[in-house]
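By letter and in written order, the chains are A, B, C and D; residue numbering begins at 1 in each of them.
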Amino acid sequence: MAARVGVLGATGAVGQRLIQLLEPHPEFEIAALTASESSAGKSYRQAAKWRVDSPIPDDVAEMTVTETDPDAVPDDVDLLFSSLPSSVGEKVEPGFCEAGYVVSSNSSNGRMDDDIPLVIPEVNAEHIDLLEVQRDERGWDGAMVKNPNCSTITFVPTLAALEEYGLEKVHVATLQAVSGAGYDGVSSMEIIDNAIPYIGSEEDKLETESRKLLGSFDGAELSHNSVEVAASCNRIPTIDGHLENVWVETEEDLTPDEAAEAMESYPSIDLPSSPDQLIHVFDDPDRPQPRMDRTLGDGMAIAAGGLRESTFDLQYNCLAHNTIRGAAGASVLNGELLLEQGYI
Amino acid sequence: MAARVGVLGATGAVGQRLIQLLEPHPEFEIAALTASESSAGKSYRQAAKWRVDSPIPDDVAEMTVTETDPDAVPDDVDLLFSSLPSSVGEKVEPGFCEAGYVVSSNSSNGRMDDDIPLVIPEVNAEHIDLLEVQRDERGWDGAMVKNPNCSTITFVPTLAALEEYGLEKVHVATLQAVSGAGYDGVSSMEIIDNAIPYIGSEEDKLETESRKLLGSFDGAELSHNSVEVAASCNRIPTIDGHLENVWVETEEDLTPDEAAEAMESYPSIDLPSSPDQLIHVFDDPDRPQPRMDRTLGDGMAIAAGGLRESTFDLQYNCLAHNTIRGAAGASVLNGELLLEQGYI
Amino acid sequence: MAARVGVLGATGAVGQRLIQLLEPHPEFEIAALTASESSAGKSYRQAAKWRVDSPIPDDVAEMTVTETDPDAVPDDVDLLFSSLPSSVGEKVEPGFCEAGYVVSSNSSNGRMDDDIPLVIPEVNAEHIDLLEVQRDERGWDGAMVKNPNCSTITFVPTLAALEEYGLEKVHVATLQAVSGAGYDGVSSMEIIDNAIPYIGSEEDKLETESRKLLGSFDGAELSHNSVEVAASCNRIPTIDGHLENVWVETEEDLTPDEAAEAMESYPSIDLPSSPDQLIHVFDDPDRPQPRMDRTLGDGMAIAAGGLRESTFDLQYNCLAHNTIRGAAGASVLNGELLLEQGYI
Amino acid sequence: MAARVGVLGATGAVGQRLIQLLEPHPEFEIAALTASESSAGKSYRQAAKWRVDSPIPDDVAEMTVTETDPDAVPDDVDLLFSSLPSSVGEKVEPGFCEAGYVVSSNSSNGRMDDDIPLVIPEVNAEHIDLLEVQRDERGWDGAMVKNPNCSTITFVPTLAALEEYGLEKVHVATLQAVSGAGYDGVSSMEIIDNAIPYIGSEEDKLETESRKLLGSFDGAELSHNSVEVAASCNRIPTIDGHLENVWVETEEDLTPDEAAEAMESYPSIDLPSSPDQLIHVFDDPDRPQPRMDRTLGDGMAIAAGGLRESTFDLQYNCLAHNTIRGAAGASVLNGELLLEQGYI
């Protein structure tokens, strides 16, 4: 029987992607949709300006949107996916956890808290057991798991694949799609025939979340990885798909061929939304490209390419679909992990 | 009296920019236009598909295009600007030098040759005297000076400004405009809603030309700078303006404020096409941006911004107009230097 | 058992779409791929720069490409799909028909010939029997059917739906995607931040092909429809999907609601590639939009919207995927019709 | 001595263009800047996110922004340029006129009022004297003149040039730039790789404003022209420049050559912002194009091209810079007319 799930912040860009992914999902059944006060009481069709490129599912369209409040969500909902703006998430997510809901959240608030697991299942599924610590410390009946930022998710799996060589220093420059900022996040006048070399707080997320994700959990405490990351973030005129240029310095020598082999053979995980092969490495030096490769593995795979010796370290490019692998799909995958691990 | 000049490869993207810059130039008078065999004998209006956003100058439009051959260019032409494809430049440029013409070339062939000066006048004007060595060695009556690649020109002035701190390692990721590949270099199907993390030979140009430009010339021999540069190049959907993310490691400590001060005060040179201030540093962290800032200083200035401490070095962004400062304007400026230094 | 089919001009934009559609097709099996002389002898993977956004099918990738010559195509191939440039199609297509092959062609040559059926199966399937006349007149063992131009296919089904009201005058302005010109047809410098109000010969195609498609066939001769069409064609910076603004004057009064009803209820045809519903009419006045609606019905449906009373006639917008419904899918659908009608 | 002028709504897209045009203007001196309550009291530099591609003028940057209220504007200001949202303009513009200010407004409110002159100086300068009627009727010390909508301004001058042939019916399809909707009017996710066939109320503006502009004024009353116009409006991914496809039916026969001659020879007006030649007709059928031709005549000229016989009428394309000729420049030009005609 499918778990009953809800979506907090269901009308936004990530909320719409969540609905697109959850509606046909074998393990989940959409049972609640919340949004801001002005949408409460409306049908989802009325409340959301649907902009995903597949039609709005009929049954979801007729559901009534409620306020984002624990009292407005039915008690028999098992799991909530949250794509709230972080300023809202900060205020309301803890209340849901106190009220007993398990929350898989894409919002950035709390991601770096010591007792909140930040998880990419293929990379650090074992961090999920930090929830025991969380429940002890916070006294929650519910629980909270976070997925990282879309630009972090893009490059961390490739680093994880190289970890055995001893990660030391990473430089990463990002070319990020406009959908990462939400439907109204980037105006057309800002970005047509242009690029913006700044995304607020984004560089810090790549630099800190990556260390937490690659850290180790001993059952009681989480140690962050010692890798040092320097990020430079750019917005460019693409719809979906974050492309990243990466340089890695490792303790042990690492050739491009060894790196390609490590990435290609890096294991996926046996969960419905995880692709058969997590990282695809292209031989053609001009790939991956956002429009061509963002839908690999139904948007859940990581594409890599251009592996080459740099002047002083290893250099490559990687790409992921920022609103699927980097946001909605990441939350859904964490929901699947929570279900498999018995947390719901 | 104005020097009589010619343009080799006058119908291409850089050729058209050259004409746009040379036509109103106080020191130069366009006296010869060459192109491929199929254009020879036609009026320039017929031969060129004019695509610059100012009207084609009337007098130039009526000039007759000749073949790119020393015999086809009038003897009283003093200086030739070359924007030939490098495969053509390689074959025909030396012949013009032998025949006594002084050539200011934007073509990539020969840029790294020991006796060919590669010059950005504000950075290494003194390298021009390598022409004495060149004439000795090659027995040319004419001479050949090169300007660097458009993506090299964008970041080298900022490095020059920081040189006193001891440049050690540089990482640079580029976001390059489509005009850099010529009018038909990038098809619309390749780049709309996309980015391409590969530009053939481009990374090597940034890595090697920068060392030559920042090298020292003792009157006899040129020593390259010891800075190590690792570049990663991307094509994005912008028309003009290359944006670059730079990380610099220096021997001496260097704060963002010191770097900004060094860039802002880096001297320009007293030549007609050189801007009053070479490097503009923006305080606003989301600048420079290609569409907003590429025409600074009539397209001849360098824009910098986002100076900040990285995890382990200094980090900033810079931008230049790739077909003006990075190509046609660079050649014209070298022509002005040749004139001022008495080489023509 | 599947019919064995070949693709003439397999490496181009439409050729790649043909392969994408034919590879999983229930009735067709790809048995031959042809291209220009320079590709002959290479594997398809080597010969084609694959740019469709699904991976190249493995078995097709390993097939050997032959020259576009009847002698180079196996005799047991039943049906050829042609996406040759019209200048090439003109020269070589008749030879294939003489040699006994049935050809479903997307190339524009010959479309307006009296004895060549120009067919959109949902609109004028009965024109296929013009092939009897064709074989009589030309003495071909094979046969040739054409699909119309991509911009013609977009609006003709909506006119067909309104035909009972008596079509008199049609004005149509098109906003066409760059893929309609092939991979290298529109350079990025021509179209970024721009639009081009001219596509060579395109207006004539809309104006004449529409009359032939809406004409009647009495078993011996084809009469063109008397509707008068005036077209104005524009290229805009979209990848796929032609959008058209249409004004229609009809003999009988026609309200927007009646027009919507006529379009929605216009019948599809029972062939594998034809969508269940041919024309979808949107209520939301800002639809259809290329990126949102081009994949309706797997790219084979027509989207319409904005039905409203104009100052003096009926006004609406329509959209179709130009390389699927408007080209490769149109040819495949004609192939299905040929099979169903016993021509192969 | 320069007239002292103010800008109502100075921080928006058109407000910034107004400042860019007024700052170097020979007849006007900027003496007041107003914006919404949240900006009042700030320096203009702080209040406006400057996004025009020339630097913000230093002296304007330091001016203090006031509320948009007659009491907040100095009495010695002679003329106000208004680029307020129409919902705001409706409420506050009349108050300024009552308080004695002469207002040249780009806002759409009141444009179709019987006693408000809607003026393009080169087309219907004589309508300005409707201000006498206005003052009589409204008892204003001040006065209000409007310029038409950006998409109206683009095609009306070409119609005016053809008026002697007897205008009957006009079809016009527009391809409009995103700047027409203001800085945040069109999100990047709406328009990249897309087009939107709907702009609220826009079609009505083209259809009605054109008749008023082409109407005649007998000194007491304004009669609208009898031409019937049907418009279809589209938003496309261009920054600046509205391109329009026009079909015209005239009483008298009209060849493309006659139309071209009529447009080329249509007189300009002797005011500082009016170009020497109002309408430029291109021979090349693929012009005008937005990025190539929008800056003709410093953005104040109209570009036309593609004049050809349609199936049943005359057909052509035209283009104007929507935020200069179509908005800020239009208001400035009306201000110049007011000054020349002694209304200020």
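A few points about this structure:
In the analysis below, a residue touches a chain if its C-beta (ideal position, glycine included) is under 8 Å from a C-beta of that chain, and two chains touch if they have at least 3 such contacts.
What you are looking at is a predicted structure, and each value in this text was computed from that prediction instead of being measured.
Common neighbours of chain A and chain D, by the contact definition above: B, C. Chain pairs A-C and B-C differ in how many C-beta pairs are in contact, and the one with more is B-C. Taking each chain's centre as the mean of its C-alpha atoms, chain A lies 40 Å from chain C. For this pair, chain B with chain C, the centres built from the Cα atoms lie 46 Å apart.
In chain D, the residues that touch at least two other chains are 51, 192-193, 237-239, 291-292. Residue ranges of chain A in contact with chain D, taken from their complex: 13, 51, 178-179, 183-193, 237-239. Listed in rising order, the residues of chain C touching chain A in the complex are 51, 53, 192-193, 239, 291-292, 295.
Chain contact summary for the complex, chain A toward chain B: residues 169, 171, 173, 175, 192-198, 207, 228-230, 232, 234, 236-239, 243, 245, 247, 285-292, 305-306, 310-313, 315, 317.
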